[in-house]
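Each of the two complexes below includes chain A, the first together with chain B, the second together with chain C.
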Partner chain A sequence: MTTVAVAARSSPWWRRIGRPGIVAAILLGWILLGTVLQGRDTLGLPTTDTTALHDRFTAVRDWVDSHRNSSPFFVYFVDGIRDFVGGLTGFLQDLISQASFGRPVPLVGWLGVVALATFGAYAFGNARVAVLTAAGFTSVGLMGLWQESMDTLALTLAAVLLSLVIGIPLGVYVGLSRPVERVVTPVLDAMQAMPTLVYLAPLALFFLIGPPAAVIATLIYAMPPVIRLTSLGVRQVNEASMEASRSLGATRWQILRTVQLPLAKRTIVVGINQTTMAAFSMVMIAALIAGPGLGQVVLRALSALDVGRAFTGGLGIVVLAIVLDRVTTAASERAEATYRASGGRRSENTRRWLLVGGGALTAAAVYLSASYYWASTFPGPTRGGVIGFTIDDAVNAAADWTRLNLHDVTSAITAVVSYGLINPLQALIAESPWYVVCAVVLALSWTLAGARSVIVASVCLSLLLASGLWESAMVTLTSVLVATIIVVVLGVIFGVVLARSPRIDLVVRPVLDAAQVLPAFVYLVPFVGLFGPTRLTAIIAAVVFAAPVVVKIVADGIRAVPSAAVEAGVASGSSRWQVVTKVQLPLSRQAVALAANQGLIYVLSVVVIGGLVGAGALGYLVVAGFSQSELFGKGLTAGIAIVVLGILLDRVTQAAALRAQEREHRLTGDAEHQFDVRSARLHPAPGLPARIPTGRVV
Partner chain B sequence: MRIRQSWTIAAALAGALALTSCGGDIPSTPPSTQAPCGTVNIAVNPWVGYEANVAVVAYVLKTKLGCTVELKSLTEEVSWQGFGSNTVDVVLENWGHEDLKKKYIDDQKVAVQVGATGNKGIIGWYVPPWLATQYPDITDYKNLNKYAAQFKTTESGNLGQLLLGDPSFVTNDESLVKNLKLNFKVVYAGSENALIEAFRTAEEQKKFLIGYFYEPQWFLADVPLVHVNLPAYTAGCDADPKTVACDYAPYTLDKIARKTWVDLASPAVNMIKKFTWTNEDQNKVAKDIADKMSYDDAAKKWVDANPDKVNAWLAAG
Partner chain C sequence: MTAATLALDVRGLWKIFGPSGRNGANAIVGTPLAQLPPAELRRQTGCLVAVRDISFSVGRNEVFVVMGLSGSGKSTLVRCLTRLVEPTAGTVLLDGEDMGAADARRLRELRRHRFAMVFQNFGLLPHRRVIDNVAYGLEVRGTGRDERHARAREVLDLVGLTGHEDSYPDQLSGGMQQRVGLGRALAVDPEVLFFDEPFSALDPLIRRDMQNEVIRLHREVGKTMVFITHDLHEALRLGDRILIMRDGEMVQLGRPDEVVGAPADDYVRDFVADVPRSHVLTLSWVMRPAASDDPLDGPELPPDMIVRDAARLVLSASAPVRVVRHGELLGVVDSEAILRVIVAEDAGPAADEAVPSQRSSVLGR
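Showing the complex of A and B:
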């Protein structure tokens, strides 16, 4: 260590000013070359034109379409899966959301569902989340969204059940075998990192549209967390406990059943929480392929520009998501508590009696809701419910007022940011010749992230070139970079504020949770009204979407800085500003790096949504490919290009962060407060409250 | 202890389910229906004119024929896929789509045409009304270059901006701009919502804007956009998308239905085959829907005012 450090210090001058100097030189060269060669070899392709590759994808689609009813693969395998998933979903809908079993209403009406949910929340969680559950379910009914909420619940439940049935055993298997883990992990990465809108078109191609396809799309996105956390839980069980049972002559199966699984229970329940939330974040996506539920409310409201109704629909999604999140979190805490110790005898007794009494009441409520209309169909007007339209109108009034009065301000902002930042950056990235950009990317990866990243980068760049969508990819890259920069700046500012003031944190955190679950679709229309159909609108939507996660990670990172370090700073007479900039931020540098990486991935995951409001480029192509048959192949290619762009940015920034950390390590020899960037690797989770390992690892 | 607790819960739930079979005011057998209508799955494509068709057809099916109606919000292309998967029975307003007709009607034989809706579709370039009033010559494409600089936005570089809407609509605009030698750049608003919001803002704030739009469309009742004349459409002038230099073809809008569903020949099929009305009819209902009336209320209003038309749809045979 010491020798290396000394060597580093005594190296020649160009090495010492090293990295920043080299990076500056590369950028300068880029600007010079870019200006001279601007507009040459940018590999642009008109929106409606396609390349041979795109046409080949389209041909594959046509082949699948024309063989769907004859090929045994489709008739037996694909349709078999479809029928099974459809059957399960239909059964759940029969129970709670649609007329069924020859009756004009579902089997269990609103009273029964509220009672069951509340009872379940108490049984698996605690009294607090039970009250929250009752209030949450009742409020969606009051907003006039009962049936839609139940459809959403049925769909989510079907996806979560299937995820658990497949995911937990698979997770155990992965946890027990390193080689399997090495194969499965990249697959899970891909399942989570791919923007969901990208695989929607191929998925609809195989499973056609409808509830089964919606459940399968949800499944793909929601299953990875439970697999990851189950395998983590199984692997974490300490060697001593295993050795103890091994010495008692237990077989491998017995160890798994009596030691590993019970000890992993809590982690597995956290996985269930993650999977449930991931499934919930797919509500809007499911609506795009005819999945019933709250997503349909939002989509339909948007086609009439009814911002208020869209908001109310979104609010319903937020309410249900928060209820599910809190209940599953409480359940994981209970799992932890019962493992630690079976608490006070008396409270356990009370609880048992409450469970019996609550069970009887629930049974009665279910019975009533199955037999009487008043307990079956939620009371209040069928449209808008008791308070739904009041919320709609208030939101619409606010949106109209904002559009009319703030338009001058927002168009000035649009002009300043577009001409000052987006356009020049885009001129540099998208209008430089492709070989210049490639050279710059490779040189930067070499300097900042090392030789191995150069390999990844060159593979990614070649794929982008082969896609025929180079120019679009570069335009998208520009927007992604701008959005990420804004997100990180905002994240650091608000993260510091939150971390330093518990009172503000108490107020702001629930808002962040809600903002993360609120579908981006809800605020797209008002943003277009304010900022026009521009790239900036797409960037702002991405920032709003990614900011909550980034803020939380930064805040948690800063809070994890040992108070001794902060007090030392205060004691030595540092001002508050100095404590923040000289102590707290440097010591939470890894959290900031992680936040930046997450911000980047979150931003990328809404590139497609940006395409709906004027971002153009790859996002628009994916949307167009989904809705125009001739552009299917091009849309699919654009989707793949987004993924490639994501891998490029993710791997290079990770490697760069890792290298920076190692370097710092070497120079300071300080091993404290370091966390392994690799193990904290995170995945995009559109709409997830980031109560993921993220915050906890930091 | 944990085990006993789970048993208690299970017993309580089992008891609840056992109880559900008796008593109450909800009938446990379906009411007998007079006609074998069953469930009709209607695709709802994302524009309000389409929704007007849906509202009225669904209302008539429900109230006059006793059918159950399921609405599915889908884009055009995706709705056609629904014919193959039995999730969609009928598309109530189809704009052309010769490629889809070939694929699903001729090749896969899962869909059939069930007549025109009576609506005439116009696609083209439009400007907000204030612009047409203040600069009357702007509605001729030959004068567009004169105003190109005013149409410039942050998104269009040095050129004027021509705004396109929903990606699922058929467009030739990039070729048109090139072939008509216009100093404009095509910018994709990305969705119909974004396009309408842009036109609304442009009219409110008196801003220059030209973009792709179409009628019938409820928004035209709010803001009567003005059509910009391109070289007139002649049959076949749009045959090659690379050289096209004429306005869009007028569309005769029609209805498409799932083949196996039509073969049922239920009263619902008969009614949907006979359904026709005018652009004016559609705009009336569409405006009410856009003004947040429910589908059923908007439909009832129109149906009550037009009993003759409705009765013609319901006539037997």
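Showing the complex of A and C:
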């Protein structure tokens, strides 16, 4: 007894009150100080004002503009890249979307494109996705979005081709060399974790605006998945097969060609799927730097608050996204099936004949579409198509009706979230003096994530202060935190439901998978209709966008809880509620931490895009930087501030999640119960590879 | 054995895992550090001795078995022989050629033509058909498609897989998969075959089948074989000679009957305690010198006959059996000697006191 008492007395006071106690104390201190000092030293800066730093960036832009035609760096290097990418993109556009080769219409008309896409879907995938492809392409034509869709497709295709040409060899190299991997991985992390909007300003600085710049921006965002998964595939190859090959005297090149690449094929195709989806969603954002296509439709409609048009454009995006995802997923399933399941020699024969016949029909369709007007330009009015305007009007009517009749509901939601979460948090974060906020962030990262995070956090905070956009950053942070809190709460609730009921999981998971492949952009559309252009719109869109990934991580974490622990809980007479709260949730704490981490990153990217529809703060400044020449530097700084904010949130929460994992391993000492934060983070992009095994159509 | 009849000659082979560099794994052999017990060495340098100063030679067409428990270094040893793992010190002569001196190109040549390996977990290529797996070594060599397929078909016939050419490995059972692995090794017509615990992943019954298969193949194609196993029964069944390893060191090297009849130390004795001795020991282990009053009109048998095979004759003979080599009388075996071996199988270590020098006095006590 004495020794225990002595030990307790000799341990420092912070040990005794425990981590939650310290966190509570920090928050309490924050509230007290924040109330007393509210509104002081918040470092606000009016929208049109700039600081010396911003002006310096603008000056750089001016210098670049004036030397564009004289400096060899621009004339040969930058313009060389631009011309090459532009050439490829232009060629693809000439083929399917733009009047070309002295003709009033593109070379391959709608019939040819539909036939080619359907045939390709059958050849690389299966009959089911071929039907889906034909239906999808026809329906965007009916919506009057044919040319925009083809522009989007041409840009996506160009970006994907370049990504694969660069990314696959690079991925193989990364997969073969540990040192290279150690250098490349953090770069890929950064490329992917950065909100897409942020790429655009620096790229526009060098590559101007227009299709080539859009493709280059897309390329940067879309390449990481294929590099990552190619290297993963190469590295995962069974050591036994490699050793056997080596023992027979194979050269390194022979091993690569006959063992590693064939066995990595399936994973590489999954990488192609993810790259395609990332490219597709980035091409939409690239509308901001004059990338043509569906993104333009939605962007223009959003800025005119034409909900109906935005909805139709968004619908086109959703349709194409689903087609692309299903086809590339089916392709990866086929890559796997090639060396499994012998059976069906006969079905293979049928398939061969169908491929030959389909090829001939496709060639005929392409010929027709190049020669006859009816097969070239999609039937129906050029503007609005057969049903486009009908959809627009119906949606607008529905939106009006909703605004009128559901006003009470939406304003109730607005009031609850605003007064319950946003305003108090905003008062604390954005309206406290900067030094109080800095102190709180540092103290929290020390407590929750350890000393190393404090260094990262102080660097990030210093950069935010130096950016001159402290208050905007804090407003953005508020929105991000609000959305994250909501999404994690929802994620835990639905995650528990999903994990406990396989039947619900079976129904809900495909929906979550499908939701994950949609570009962040389209999530704004319905909520603009409901809530109008406010910051709440961005927050709700962010919640909806981040929900699938958060729910899935929590559900998988709970399912990874050893069944022995659950059985022990049940056997000792726990109620269902007690099993959830006392066994399953505590044991999946690290999954929840990881979900919060991923949720933050996803939420941040949407909250920033929310700048387009009145969410204000950093996102708005970035967008303003594109449109107003004298605000370029400020917009660029805002972009950097977003990245810094992202790094701050990511590093601190990731360190906290890792810490939770270590604590838990000490607690259970259980190697079987693995939900590895590091490996789960391997694939931060939408469309996690966990989706491969589920074969289904949307 | 003269150098010309040796397929493999290994001298002073070491493998030490650990950090390289001036004080690392390469700097231990030949220093006092090398004499330290493994745990102590690990504590001082962080290095792990997997193979410690092993020397042996393998004759042409011999089946040489390396046996030890897991972690004894036997798999590392066999990989050192083929340089899938680089040895730290020592020489390996394959057919008189120094393996250590071969550069990357020469090493590949050797691997492509002179030896082949069969692996514990098969190491098949799951994306290739059986026939392409078997032909893989030939493909790597640059043999044309028709020729290598023809050879692969021959080999598939030899290993009993005719009709499965177009299957994929994961459509076959474990035993059949290892037949593919065996076929792949045989297809390149190597001089030496290395087996790294090839059957330990298989069911006992299939394992027995495959052992018979190896015995049959050895009779038919007559290759030199180096066989790694942790299974004593397998070692006794297959091996012309057996090398027993523990903690990277050689504990004993001898014929099966020597290992069972005269274990080098308690470790080996423990190992062989459960072996049915009558299945392994030869008459030379149980005979005694002929006494002057022994009737010498019994049947004649050679000294290397297994006790079990001689039992019926000895037990039914009216006089002790004479053990004769080249007309020279080596000793006699009577019914009592035979019964002692068979009954002693249940008696445990007490009956195992035999050492070679006391061989003949074993039954006298």
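Everything that follows uses one rule, which is that the second predicted complex is superposed on the first by the 560 of 698 C-alpha atoms of A that agree within 3 Å, B and C clash if a C-alpha of one lies under 4 Å from a C-alpha of the other, contacts with A are read in each partner's own complex, and residues count from 1 in each chain.
Going forward, contacts are C-beta pairs under 8 Å (C-beta built on N, C-alpha and C of every residue); 3 or more make two chains touch, one makes a residue touch a chain.
All values derive from a computational prediction rather than experimental measurement.
Chain B and chain C, once both complexes are superposed via chain A, fit side by side.
In the superposition on chain A, no contact is made by A:I413 with either chain B or chain C. Look at A:I504: by the touch rule set out above, it reaches neither chain B nor chain C.
In the superposition on chain A, A:S303 contacts chain B only, with no contact to chain C.
Looking at the shared chain after the overlay, A:G210 reaches chain B, while chain C stays out of its contact range.
By the touch criterion defined above, A:A565 lies against neither chain B nor chain C after alignment on the C-alpha atoms of chain A.
In the superposed model, A:L37 lies in contact with neither chain B nor chain C. Of the two partners chain B and chain C, more chain A residues are in touch with B. Judged by the touch definition given at the top, the superposed model places A:S371 against chain B, while chain C stays out of reach.
Chain B and chain C never share a C-alpha pair closer than 12 Å once the two structures are laid over each other. Touched by chain B in one complex and by chain C in the other are residues 338, 342 of chain A. Partner chain A is touched in their complex by these residues of chain C: 82, 84, 107-113, 116-117, 119, 121-128, 136-137, 139-141, 167-168, 170-171, 181, 184, 188. Residue ranges on chain A touching chain C, taken from their complex, read 238, 240-241, 243-251, 254, 258-259, 262-263, 265, 338-340, 342. Residues 1-2, 5, 8-9, 11-13, 15-17, 19-20, 22-31, 44, 46-48, 51, 72-78, 81-82, 84-85, 87, 99-100, 103, 107-108, 153-155, 163, 166-168, 170-172, 174-175, 186-198, 200-201, 204-205, 241, 289-290, 292, 294 of chain B touch chain A in their complex. Taken in their complex, chain A has these residues touching chain B: 46-48, 62, 65-66, 68-69, 101-105, 107, 112, 123, 204, 208-210, 287, 289-290, 296, 299-300, 302-306, 309, 338, 342, 348, 352, 355-356, 359-360, 362-364, 366-368, 370-373, 376, 383, 392, 403-404, 407, 414-415, 418-419, 422-423, 524-525, 528-529, 532-536, 611-616, 619-620, 623-624, 626-630.
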